[in-house]
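Multiple structures are listed underneath, in structure tokens.
Consider the two complexes below, in which chain A is the common component and chain B and chain C are the respective partners.
Up next, the complex of A and B:
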């Protein structure tokens, strides 16, 4: 039943705002199992398929977690920027996902190591790659000015530094407000939302070019940064909805996150499903139309007529990443059914992995690496997800699950769509 | 329309009850009242508030609207319309190659499909909302209540419609009072004229009239003759800056506006790899006996642009024709550096009468009606001037040459000569002659495409067959008509002869 009156927030130390005991107990096993699967999957890929494959699988898993974390960061920033009231009750969940950029900064070390040892990006073997692909010396010299281990590492440090800075600053301010309830904290978070989002956009698009697009060093698409961002913001909304649902199932914040919030998350998920398709198609259509070999080559390696492994995925992404969820989350009844929103969120989170797998793995080898390759890829990403979930639970156990003294909490609690 | 009619029922209307309205002071009492109205079984009730009230649909028992379904259906229709339109326009009705893509090409259609989906869906949503709400509506009887103005300001209203089955005036009044409503008031049916206000109609008429002016001006211009030059609204579209053939351009160093083909490229549709098709010779077989000649032929076909008279004459001589030495001499005098193409070097040592070239004995084109008609057209354009329309060698050029007694003229062959029949003169050889020329006849390789040359070969064979045909060659079904034509002609001739005879007799007597 809909409530017509403003809901009074529960006291800040209400047990509904603490991490459910069942999840807290799982945190350590999740971390351990996740780490084992992550390392095991990477080594399985390296040993069973080949050196570059293992690290590519690791990169896929890493990008999977990273895109969701920075998508959640975007969610937090944009809610502050537009001074949104509805989202306050799910903002702490978003902040918990966002703060994962700190452990992810540490998990970047294997990728940095791979750049220096030449086991992931083909451009690290500059002379060999140029000779093998008959790239004109002047063109290659320009590429190498950007793609060299020193400059790459420095840039990666800057991106991760910016993310950690934004993430930690917003997280700590939000934490402090839980204690003090200062309105000025909200004001300063809003004021810094604009500059932070500019920095965020700059880092995200360059990151996409550096970490994913440079896997095919001669290929370029100015749309690629937005493409990665589109998948990132979509999956972040799904992760927020799914995590909220799981926490509610375990007894936390049951009265706070209502159908109305799921309805709004569902609307945003539906919108970003369209946004992802729009960006993906824009990128494809311009390249398809211009038909310039150095641009089409990237799609050619993923073309149904060319690659038996990745061609079907290209088709499947159109149908499963756009068509099915577009119709599936279109209905208001679905969006107002929390378990259905959670189910669709899970579905899209799976497809987000397929999307990144499709973007990254074809550059590792010509095929999927057979059954062992698929196993290694899936194992790695599952490991990464378990590790991240474990860490989220550990961090979440040390805080409250909603921003209990946010000045807009009452507004969020009373939020209604119609 | 000019005299406003007084509604005959005006007096009655004053007494017709439209419904009962009650005021509420706050949202919660309005919502509570709505819920009780719903629970009491009223279906035709309405609530008015100065701002949107959450949950009021549910409180009033209003069913979810079908508008989303209308929007979805219209969106789907938009997608299908856009796709069908583009497939029809560019794929079927007016095929036009754009950027080398297939005529029916889905990626190129997506943007338009996307736009039309949104356009149709938003139009359907907007106008569907109007239709579902019974809009446009100029007035509502409830506006006659002076207190109702505050519905947009600070007061909440609940209205029970008289059309509801449960409605009776006294009952409704007491029910509303029971619910806590104040100032319960009976709303009478609106007695204002039902017709659309005159100024609106006049305004609309004026608007339509003004909008017709441009169309009328255009229509008038279309039927009026004028000596003044036409107005160029888009001069850069009427006068294209594109260059015509043979014009000069300062854009390129060589000053030519026509650009030569880029080396290593082939015109669209001209990528014919089959060299036998291009030469009329089975090159595999020829290679076993005369490899250098094959190399020359291949080089000639592949560098078609640079082909001059040398190779043509050379190949013609090569073909073992009994030629006068004229073209060969001409060729060698013209030939500047192309030693390979020297016809004397090409002439087989065995002498011209033995032709060992493995000519293609069959036309590689399928002999369809279309091919023969194409051959007929091309024959009419290029060959008939000399060889005549029926191929007997008596074309206009030949007649003229005979009349002026041109000394250097070599009469064209009669194509119905036995030496040019299929058994003596294979299709491939005929093709080669058309391509490279013979005696006075120039080669037509540059003017006529290889496929059209083969079509001419096919047509020449048909011509030859037609001139030597007997009645048995005609399909049985059509023999009767021909026989009838023959007897008709015979009868006509006999009749004419008889008449002429009679006339002669008459004049002699």
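Up next, the complex of A and C:
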């Protein structure tokens, strides 16, 4: 809560609330280049490295975009649920990221295809995998009652359906408020925040188990859903800060998003860096300590000394995903310097990719795939990022960049950290 | 709805764009001081005396049980092979969990600038400390030879020529809980200094004046004092915030680092923390609902404060529910026989009743808070908070006892039954808790007057602005 000295918002049709022309011009090229890189990277991975590598790279890129989009969805939901005032000016940016769940639902098709053709998840070759790993028949029979293409696809449709439903509903209500300024819209978004978060939590927990954890079908960790969520919420805050900064650099919403908002985003980013580390450490430490083979296997494939490719990444994640940003964003001075917040956000967004790469790629069992493999992995995710940015700009060009008639806009404009 | 309305204003309704006040009833600085100080200055009510006598008797019973335990040995408890961790550990975890609300309110809500914390933080912090006292008792007396409990301290023992096992989470617990107790105590006391000075200045009795004078550390209310106070408070809040997570995380490690089915599950740390906050807030409600009525401080601890706490209870209750579900799902998904058995055994084995008490109280009962009527009606939230307290005790019982009573080797299975000493100590620990709490209510400022006045000042400032400027 803040002191709110009455600040008169600009009129709703002020040019400061429209997508800067420079970015609009880039939208189509971004989409085209992105799509080419995404498809090219995936094919490069499949052809140059082979096996499940290409589709694993696609899944990494997909999860990268998906976790950021659903993290932004969580941001939107929680801000409504707690009736936050400070965040209104950056909420539209979050909504634009959130609404990417719709194109991402379409981009799931290749993964669905891979499930049916057996080119990504090892459990799709049920009999072969069981024989190869000497899994007892009764245990495996139970397992494939959950992990089979039909049921997997149906579940994926449910998750994506729920995300699209929540995303579209919140997006359209927020759009309508831009036109009408109805206070009741805010009230109904608040009221639906609770049930929406429950659906969100269920879908996100199961999604993490289905799409990532099941890459190693015999491995299990109750924390895994929380782990994916921790990366998701962290990277979403970074994406919101970075995108706001870029839009401001291009001349949009310059007077609206202030140092105070970056300061708060910076604090939250710092908090979620700690949260991610807490979850990652707890998961690892408990498995390391109990030392049960069924559980340690997942970490062995990523262990220094056991995996040349992924061992160093395990160490790097500890230092670079936690230690460095923990110290880097600790200072109030950094958090009150917008470009520094944007720079750290970029840094963490890169590390978020490394985190997902580390979680997904070792299960393709061909290591990093050499230079071509790394190139394919990076190309795929860059393609995905370009495509998403292009789409965000296209959608953003059709809306105002802040919720111009939100009843708490004035509070957000006048927000000060005390 | 009448209960939610105080002086014609329902502060649980907040139109978007306006903020509802947190201090009601045309309060002034003076009326806040009066309503808080008179609780300590007036002679105790009959109800207070009666409650205090009951609590002291129960606390004495705890003390006598401890003496009996020391004299006889830990065999007086129901702890038998294979359940060597019986009720003492259940009670320890239960009380430590209760102790989480205070620091959450005073540190995390402070860092989030949640001003509604101001009138409830003092009581919650006090409750935290008393809960930690109750919690600390149980492992202390569970070590067998309690006079050697200091062996837990990390020093190279001259008797044994060895250090404690630093790789044991039980030792981490000693650090975690003692750090938590120290920081919570400091936080509580430091926050109280300005109010203790108010008590000192109002004291007519020279003895009282001298005691509060010493406790107030020469506070004069000068701006230099305030500046340092604010800085120290923010620093302590920043130090205390990780403690909210770390203490129950380490308590969860006590279980989760083991290989016992039902204990070793990676979601334990955040799940325990959510459960601790859940039970802590339930206890705050249990104490606040009667206290605000008895001491007539409803204008300071308003329905809005209670409603917010109900929302936190609902949220954390759902998080705990999600963790229960995740554990069950993964136990099946893992296809590890022992894991799956441990969870089926919880729900359908000999302790099925404890499991279903836990589910009903923790997962089902908080859902009444979806209804505003329940969140704004003190007696309903009081009843639910009691359910949550019961449910969270049973959660620890279910985790501890069902897993130990039936683990890998069926020939070693046995049913755990508590003895009368177990019962007496559990009840006695409530006696200790309420004795301390009732003493606190009589002797200390139970609402943070200084911060509540600051909140009031801000609200008056805002109201003034709203009169002159365009309402937003």
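Here is the rule we go by: the second predicted complex is superposed on the first by the 411 of 418 C-alpha atoms of A that agree within 3 Å, B and C clash if a C-alpha of one lies under 4 Å from a C-alpha of the other, contacts with A are read in each partner's own complex, and residues count from 1 in each chain.
By our rule, contacts are C-beta pairs under 8 Å (C-beta built on N, C-alpha and C of every residue); 3 or more make two chains touch, one makes a residue touch a chain.
Note that the structure is predicted; figures quoted are calculated from it, not measured.
J.: When the two structures are overlaid on chain A, which partner does A:142 contact: first (chain B), second (chain C), both, or neither?
T.: second
J.: For A:330 in the superposed arrangement: first (chain B), second (chain C), both or neither?
T.: Only chain B; A:330 stays clear of chain C.
J.: Who touches more of chain A, chain B or chain C?
T.: C
J.: Which of the two partners, first being chain B and second being chain C, lies in contact with A:289: first, second, both, or neither?
T.: A:289: touches chain B and chain C.
J.: In the overlaid three-chain picture, which partner chain does A:254 touch, first (chain B) or second (chain C), both, or neither?
T.: A:254 contacts neither chain B nor chain C.
J.: Check whether A:416 is in contact with chain B, with chain C, with both or with neither, and answer first, second, both or neither.
T.: After superposing on A, A:416 lies in contact with chain B but is clear of chain C.
J.: Quick check on the output: what are the common chain A residues between the chain B footprint and the chain C footprint?
T.: 4-5, 285, 289, 418
J.: How about chain A: which of its residues touch chain B in the complex?
T.: Residue positions touching the partner: 2, 4-5, 281, 284-285, 288-289, 291, 330-332, 416, 418.
J.: Given the complex with chain A, which residues does chain C contribute to the contact?
T.: 14-17, 19, 113-115, 242, 245, 249, 253, 256-259, 264-270, 314, 318, 322-323, 326-327, 329-330, 332-336, 370, 458, 461-462, 465, 469-470, 472
J.: Applying the document's contact rule, which stretches of chain B touch chain A when the two form their complex?
T.: Per the touch definition, chain B meets chain A at residues 27-28, 31, 54-55, 57-58, 64, 68, 72, 99-101, 107-108, 110-111.
J.: Where on chain A is chain C touching in the complex?
T.: These residues of chain A touch chain C: 1, 3-6, 83, 85, 139-140, 142-143, 146, 183, 186-187, 190, 194, 198, 201-202, 205, 209, 218, 220-226, 274, 278-279, 282-283, 285-287, 289-290, 292, 294, 406-408, 410-411, 418.
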